[in-house]
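Below, each structure is written out as structure tokens.
Each of the two complexes below includes subunit A, the first together with subunit B, the second together with subunit C.
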Partner chain A sequence: MNAVTFSDQAMAASAAPTQRKGRLRYHTLIFHATSVLVALLFLAPLVWVVLSSFRSPAESTQPPIPPWPMDGFSISSYDRLENFGQSVLHYSGNSLFVAVGTSMLTIVVSLLAGYGFSRYRFPLKGLAFVLILSTMMIPFQSILTPLFLLLAKMGLQNTLIGLVFIYTTLQLPFSVFMMRNAFDAVPKEIEEAARMDGVKGWRMLVQVMGPLVLPGVVTVGLFAFLNAWNEFLAALVLLTDQSKFTLPVLMTAVQHGRYGSVDWGAVQAGVTLMMIPCMILFLILQRSYIRGLTAGAVK
Partner chain B sequence: MTDGLMAVPETPMPTRRRRRRHSQWNGLLFVLPSLLLVTIFFIVPLGMAAWMSLHKWPLMGVPRWVGFDNYERLLTDKSFWSSLWFTIEYTVVITIGLLGVAMALALIVQGQGKAISAYRTIYFLPVVTGFASAALLWVWLSNVDTGLFSPLAQDIGLTEGRVNILANFTPAFWSVIFMVIWKMAGFYMVILMSGLQSIPTDYIEAARIDGAKWSQRFRFIIMPLIRKPFALALILCISGSMLAFDQFYIILSGGPRNQTVTAVYKIFNESFISFRLGYGAALSMVLLVILLALSVIQLTFLSDKGPKK
Partner chain C sequence: MNEQVNLQRIQRQAGLCLRRVSKSFGSVEVIRDVDLDIEGGEFVVFVGPSGCGKSTLLRLIAGLEEVTSGDVLIAGKDVTEEDPSDRGIAMVFQTYALYPHMTVAQNMGFGLKVAGRSKTEVEEKVGQAADVLQLNDYLDRRPGQLSGGQRQRVAIGRAIVRDPDVFLFDEPLSNLDAELRVDMRIEIARLHQKLGNTMIYVTHDQTEAMTLADKIVVLRAGRIEQVGSPSTLYDDPDNMFVGGFIGSPKMNFMDGVMRQNGVEVAGVILQTRPITNRPADGTPVHVGIRPEHWRLAEEGKTAVPFKVGFSEFLGGASYLYGTIGEKSCTVNVEREAISERGSVLNLMADADHICLFDQNERRIR
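Now for the complex of A and B:
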């Protein structure tokens, strides 16, 4: 037994350099082949819908095999989307307003709160922080009915502003937590040095601290934008006036069709319209996005 | 003399105290907007939901106090319990599927290099599209006449003729499962990946030298060391799936034969289709308690001590 293993080892040792290299190369090849195959599977639905949305009206009633337009690129699917309610630009504007509004308000509110929680001591501070974070544990779906009544009472029913307030509130636990950590990471010495130079109050927050916590601000704003742009249930419940619809709500109306037939070309165009901005934002700000995600995982 | 000595500390004292009190107020001012938002748009509605659940509350007209009638009624409401049961079934299936796929993806993308970071980006891309857009995309792909899946299956000879995926429960359910895995796997991949990357390579290397097989290294070194990110992914996945709505509303409209109505969908139907707001609120409270219990379990799992061993 011993002898066998010894000789095996000896043989392995002498053959090691070339054989191991060969096996390693083979492994790498298998690894990348698998990874690329999986990548193609993940990309396929996205590629399929984007390409299909440029097919002609006649083609758009056919199965998308192959997905690309056979008789020339056509934007007629996007044109037909114009005919649902008001123009699709109007609904994109609604979505953009809600997403930008939510991300702006979230940035301002969480920047202030993060600064307050990081740099000041005040009574019940711990309780206030826990209160904000604990809303994460309660599903907002369970308070949708009262929110509906509350907005009506405040005269905010059917308004995009009302939606902005709700989305911002939903973003707060994550955002306040992010911003407090961002401020905590800034050394106190920087603030003190600036104070010696006579910087005070708002200028301290905006001019001195602002640039230092910018990565946190980008992350918080990005998450708020994407979540507000994509949110469906609250928009479906709280917006009953068709002219106020955001894109996801509009698209479910398109999907249910008119006169019993569904315009799948328009659905493809709408889906493309909803997906592309998110993907572009993500590709540009990938680092901020992943930072936000892992901040939760590490903690 | 004594007066003079006493007077020295007295002068700076009030200003310092005043400044401290001043700065205390400032801190509260900074935090105030967030507290206001959370109070108005979260705490108050939460209280209202509890209050409403004790009423018969039509959309129009005067709400009437009914005590615990709504809760008594939901105990015998078969459609609610079946929706809750379906939600749990869905949660179990999707959690196993998602975390399995995410783990495999995380093992692929944990390394360094240009190609690997490209894979990472691509696997993650569907995550940033919304659930509504992904569901709309899927409802088209699953369509029997103009979609992709049925015609493709027919073309490559998998099925004879076109099969309507969305007409029967089993294929419809699995179509949704595939969609959610496609859309969400990248999210859990990143969480698990951050765990994998924090394992010192020495550990793995040492085990390799000691002759541990790949499966042994995975089971005895990798899994215990990523316990925390894994628990986080698990809990996020469970609590997210328990609240599923978009995909079942958009792809299946709760069909076929109301078999895919989830708990949130049921609440939506009661509150905003039938306008039984009080009863909907009672159902919401039940869901809330379930999710709260899940969160408490999450906290015990994620606390440093971990669950009792």
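Now for the complex of A and C:
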């Protein structure tokens, strides 16, 4: 009799545990609804651009409202883009050269400067750093004319190299700041351990510190690439030769349709093309990039 | 073959010598005029309160900081101006300081690789170190995938692989939990036996210092207070600071007055051992007696009255905290003697174990 009750209790104890379904909370609901709404808001312009780039020639001179093609899909906008001046590939090459050049130069300079500001002591270090940062407060449009004159003096007007120098200069304050933080986040002991191991000079930067600040390098490089890829005003002012145009400048040139009308279709097609490399780059580097922005949060 | 290796090791044991070493950071003098001789193969421990300059002294030896004045000699050679990697030393950091982007094997072999050794040699040396430290199963992992104790072993492995004359440890165990700390302590002691190198070890853990050291260096505010074997420092401290710093619970200090046949504490005369530079009778002194050197007085004999405050039973030992006269005092007693708060015990101390200090806190011998 006793044995039975015991085993009954044992059964009850070993029966399936109470199922918990996770309580439905209103704020999770609101949270998700808001997130979806915000995501849609951000996506809408992109979708708009992509859809309207496929409108037919007749439609494409009209402002893209509504955005979707009314009389069938057509890739004529892309054709017009392709046939403008030299091929669109040529202009993409210009843009790529400027963007890659800017990000490479920015990475090299900010890596060295960040390392110096983080690890070395020199007179007026604090002041120099603040000065570099304070240049971020000057709107670069206001110094475009002197910049243009400077470049002309150096014989770099209307060259892509000149553009790379300008973009790098504009990109550096932020990048040096990022890289200094990245180096600051690396514990001093690691560098000291490397010194014990006999590591010196360049080797320290490349083999020991480099891999540890890689997220910072990726972030800096990506920002430089995107900003140079998308920059318009300086490129418009400095590049006079049509064969030197970068993609944003090409967009303005291509939008002039016949009789002063705006060729919306060609512009949308160009914008769509321009977005692709940025997206690919971002997706590839996403992980390191996000880690870069939180560098220092975790040792 | 093995004997040959051992012989080599013994011949290679390198001593270390500091000559009037000082170090200032700006206007702050952190290490003041330190002279120290360390013989080859010795295990030396630096102890002292936080901020006294233990790490700085170690980093001066390592070459990570430059001395402001003085000389550093390793194996009889002046290395004051040499780079850390040329001094024949290896250092284990408190935070391990492993290279996060390298595997365990790469971490340990990096120094040799930088020195341009062949791949086979690096692998062989790393393999040997991994054997010694039982790291064979982890060679392909990254530091992030290891436990604290394993990381510390990798850090030690990185030091072993460099085959240094002198090992430097800066509080290597303070990031580990209590149990692991004991294990690693024993492992380090075993390593020292096995390798026979000179080792210098910084800690603020009493037990680590006492158990590991051949020689303890007590530092205070950048100066060496005393150098000696653990038992010398314990039995025969040069001053009140060393007496109070070495040993746990601390040495008790009471006010006393010199009398013809001993020293008077709380109205009772305690015998002392013979003193060469005996101060005149009536001179006030500090009397230092360790908790375990008190014992219950026999009935009827003169004794010091000890008023019990509270007691601690730790299994092996029991401590009573209370007062003698006005001064607080700790006493190590048999567990039978644990008494109620407020009760008074009659205590005596052995003449051999009473240390007297003058008003400048220096030992009277």
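As a convention for this text, the second predicted complex is superposed on the first by the 206 of 299 C-alpha atoms of A that agree within 3 Å, B and C clash if a C-alpha of one lies under 4 Å from a C-alpha of the other, contacts with A are read in each partner's own complex, and residues count from 1 in each chain.
In this text, a contact is a pair of C-beta atoms (placed from the backbone, for glycine too) under 8 Å apart; a residue touches a chain by one contact, two chains touch by 3 or more.
Predicted model, so just to flag it, every value in this text is computed and none were measured.
In the overlay built on the shared chain, the residue A:Thr61 is in contact with subunit B alone; subunit C does not reach it.
Residue contacts after overlaying the shared chain place A:Leu212 against subunit C, while subunit B stays out of touching range. In the overlay built on the shared chain, the residue A:Thr135 is in contact with subunit B alone; subunit C does not reach it. Applying the stated contact rule after C-alpha superposition, one finds that A:Leu43 touches subunit B and leaves subunit C untouched. Once the two complexes are laid over each other on the shared chain, residue contacts for A:Glu192 go to subunit C alone; subunit B is not touched.
In the overlay built on the shared chain, the residue A:Asn83 is in contact with neither subunit B nor subunit C.
When the shared chain is aligned, subunit B comes close enough to touch A:Pro123, but subunit C does not. Of the two partner chains placed around the shared chain by superposition, subunit B is the only one that A:Tyr115 touches, whereas subunit C remains out of contact. Of the two partner chains placed around the shared chain by superposition, neither subunit B nor subunit C is touched by A:Gln242. Judged by the number of subunit A residues each one touches, B leads among subunit B and subunit C.
Put simply, subunit B touches subunit A in their complex at residues 23-31, 33-35, 37-38, 40-46, 48-49, 52, 105, 108, 115-116, 118-119, 121-126, 128-133, 136-141, 143, 145-148, 150-152, 155, 182, 186-187, 190-191, 194-195, 229, 232, 239, 243, 245-246, 249-250, 264, 267-268, 271-272, 277, 280-281, 284-285, 287-288, 291-292, 295. Those residues of subunit C whose C-beta lies close enough to touch subunit A in the complex are 62, 64, 83-86, 89-91, 93-101, 110-111, 114-115, 158, 162. Looking at the complex, you find that subunit A touches subunit C at residues 187, 189-190, 192-200, 203, 208, 211-212.
The residues of subunit A lying in touch with subunit B in their complex are 31-32, 34-36, 38-39, 42-43, 45-46, 48-49, 60-65, 108-110, 112-113, 115-117, 119-123, 125, 128, 131-132, 135, 137-150, 165-166, 168-169, 172, 176, 226, 229-233, 237, 248, 251-252, 255, 264, 267-268, 270-271, 274-275, 278-279, 281-283, 286, 289-290, 293-294, 296-298.
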